[in-house]
Amino acid sequence: MFAYILRRVVLLVPVLLGLSMMVFAIGRLLPGDPVMLAAGPNASREEIAALSAEFGLDQPIPLQYWRYLTGLLQGDWGRSLQTRGPVLEDLKVYLPATLELVLAAMLIAVVAGILLGLLAAVRRNGWIDYLVRLASLASISMPRFFLGLILQLVFAMWLGWAALGGRFPLTLSPPPSVTGMLTLDSLIAGDMQALLLALQHLALPAIAMSLSPLATITRMMRASTMEVLQQDYVLTARALGIPPRKLLFKHVLRNALSSTLTVIGLYFGWLLGGTVLVETVFDWPGVGLYATKSILTQDFMPVMGVVLSIGTMFVVFNLVIDLLYGVINPKVQLR
Amino acid sequence: MPLLHIDNLHLAMRSYDGEAHVLNGVQLQVDKGEIWGLAGETGCGKSVTGLSVSRLVNTPPARYMQGRILFDGQDVLTLDERAMRRLRGRAISMIFQDPSTNLNPVLRVGEQIADVAFEIGRHAPQVLGLGPQTGLGERRRAAERLGVEMLERVGIPDAARRAHDYPHQFSGGMRQRVLIAMALVGQPRLLIADEPTTALDVTLQAQILRLLSDLVKRSDTAVLMITHNLGVVAQICSHVAVMYAGHVVESGRTREVLQSPRHPYTRALLAALPRPGLQRGQLANLAGRVPDLIHPPPGCRFAPRCARATAACTVATPPSVAVSDQHQVACVHLDEVPA
Amino acid sequence: MMTTLPLDTAELAQGASRARRDAWRRAFYRMRQSSLSIVGLVLVLLLLLVAAAGNSMAPFPDHITGSIDTAMRFKPPSWSNWMGTNELGQDVFSLVLGGARISLFAGLAVVLLAAAVGTIVGAFAGYLGGWTDEVLMRLADLKLTLPGLILAMAVAAALGAGTLNMVIAISLGWWPGFARLVRGEVLSRREEVYVLAARALGAGPVRILWRHILPNIVSPVIVKMSLDVGFAVLTVASLGFVGIGVKPPTPEWGQMLSTARGFLPDYWWTAIFPGAAIFLAVLSFNLLGDGLRDVLDPKSRR
């Protein structure tokens, strides 16, 4: 079992290397002159030449890549023109914010999706099939930023139940930062009021992000649960007296879950890169907003940093899902 | 009072082309300690009969038109689902045909047995050897212990360790043993076995049948063995009921029925069996086809294929007549068929 | 002595074309049975109509080309302005109609471009196998791990404003999906008899792919294209929302939504209608695509 895990982890390395190469290539291929941008409009020729040398732009490409890679590993991910600071430091602040948003959204989507899917499968109605299909198509067609605006309009502006934007009320001080995620930090600090406030701010953006994966997960769970319910071993379990709730949650669920797990993994990665719009609407200070602002100001080092970090997290997360798959379905382990 | 008494059971099954009259007045009585074979061709309704006793037939597409299924004097068809569930595993157990699809692939074998035992222990704690008020943890442990014990009893070597294995780590014969252990862990009074050896090869078949007969003899469990193989019937069944198109056409002690069959269908079945000494081309077969259950022939459903059929056969389904103690035949031309 | 079967080639050909016609007839029958996809088809046709009609369908066509009317600012929906007016006095309904054209054409262009590039890459990867396959597919896989929207935004911004640049930028992120699909299909047909026959007759890979294999995989590619158009339209609107892509004064739904943010909650119509337009457009394409998938690829029925 451990050999299996080790093997998969080791296989990560070439993938990550490939990622860094791709990001580097994209960075170099993008039009726009980093030197001119860094130097500003009034730079002298000497300053430009000095910057060129500093960026290493006069060297052959493989060497430039090497510089880039070693820089990455040493923690030098470039500087942001916007924040005037190292990109890595910025990422340390913004990445947990996005992670918190994505995790909250996935939590809602997974829990609600699995439950709804199970329920819909058990009630084998003809028109529920229709409804689920329509609802899920509508959910994935709904633009997240529009949904976010509507949620803001209804729940923040009209009803006042949730906060309009941001992560925390500006006038109060947040709990000490341990994970960078305000909800967790509040829990760690035992500050229930902060937790409540953080949740009030997290609620709407998380819901806006969760709709699309929720719809897909519900649909998939329903389909695979219906399939499992037809299996012989379910009839045997029923014939021997296993009660319906235990049957559903222990015997059926684990079998129905496998295909959904892959979807969850894919969605997580997709959501990570897709927070841009929701972060813009809710003014959520995450990497999406960070990248957007950088793009609009032609500041590309932060963008590359964001892209690389998200890609890395996606790969690692999918590995975790694969390993989890091995736990849930023991036949996979033997390979 | 017999343990199981299926009394004039009629079942209709809704399908795309109409409603099929699947069970046509099934009559069967099983006493404790008896091993009944329920034999017949594919589609004669034997599996549905077995499933009906445990009320596992889904009653939207199916409909019980008439009749009762009396288990210990109580009509199973009138019980609510919760009461029925208490019977399952504890009073009435089932094993099915294919051992490769009847075990949950993602749960350990020991856990699957323990689940059954645990549930039974909830309303019948004496099975686990416990008193009425025991905590969940203790009940679970007792269930697991009992599970391992059952595995040993069905002949799984190194049971304690193998209980932690998954079904795919067992061979077909072993898996069927596990299923038997699961079915018998609750000490049921009636075991319904639906073609338990059909998916196994001949040597395994003999082993499993021997195991079954040993286990039930010890506990006086009644068995309803559903099969299309008369050889299996001859091997372990004390009694046999022959079914055709949803009706029991002949029933009685195995030896008597197999040696002196009185119903034309039973005779034809036995005549069709390959025997040593037959010459090539001498294999007899039964002409005609199984009747359409959506539009069944009037009266005796075997009449269209029967050499002795007359107008009297089409009036109504022939009643079962006793030709000797326990030997019943459903045919109106009994006198013509020599004993 | 060998006996040969009489080969009536004309009869065979007739039989083959009849089978094809029957297949199409069956397909359309299935499609008619799914009311959802009919709705999708109708809506999509409506959208295409609006897009093709140009500005002539709009009640205030000059608003689409940029003229403003400061006297009519922020008027709520009324009989003269069905969707009200925006901050420049422009008729929101006309702008929404105008925006349809951009969104639709851009969305379709993205999918066509991505399908074209992806098909070429996937076909070569699948047919040639070996190193080509490895390299191309690794490239596609890596690309899939990177956040698509952010990359599209970055490339679009770098290329400069304008619809064409935006389309190119988005397609660059879209092709791997098509590549993998086509590769899989080509792989499964590579060893078929007609391919081997063509090779025996000396045909090269391009000819084989073009004449023999690709015509057979049109169906799944079309299904994927129709399923993707909706999301392409969504992506176009997303870029517009962030401020990248289409140049003003050309109306674009995402852009309209973005500007309207500031006017909530009082002037809600400036935001709700463009947003609803995006939703409906994407939904119609998804309904249509779902229906098409059921028709052309019944195995995937869920």
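We call the chains A, B and C, going by the order they appear; numbering starts again at 1 in every chain.
Everything below uses one rule, namely that a residue touches a chain if its C-beta (ideal position, glycine included) is under 8 Å from a C-beta of that chain, and two chains touch if they have at least 3 such contacts.
Everything numeric in this text was worked out from a predicted model, so none of it was measured.
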Furthest chain, CA centroid comparison against chain A: B
Central chain of the complex, centres being mean CA coordinates: A
Where chain A and chain C are represented by their mean Cα positions, the distance between them in whole Å: 25
Separation of chain B from chain C, taking each centre as the mean of its C-alpha atoms, in whole Å: 58
Contacts with two or more other chains, residues of chain C listed in rising order: none
Footprint of chain C on chain A - complex, ascending: 15, 18-19, 22-23, 26, 30-32, 133-134, 137-138, 140-143, 145-146, 149-150, 152-153, 157-158, 219, 223, 269, 272-274, 276-277, 280-281, 288, 291-292, 295-296, 298, 300, 303, 306-307, 310-311, 314-315
Touch list for chain C against partner chain A, complex: 36, 138-139, 142-143, 145-151, 153-155, 157-159, 230, 234, 237-238, 241-244, 254, 257, 261, 264-265, 268, 271-272, 275-276, 278-279, 282-283, 286-287, 290, 302
Residue ranges of chain A touching chain B (in the complex, touch as defined): 231-233, 235-243, 246, 250-251, 254-255, 328-331
Chain B - residues contacting chain A, complex: 54, 56, 85-90, 93-96, 98, 101-107, 112, 115-116, 119-120, 166, 168, 179, 182-183, 186
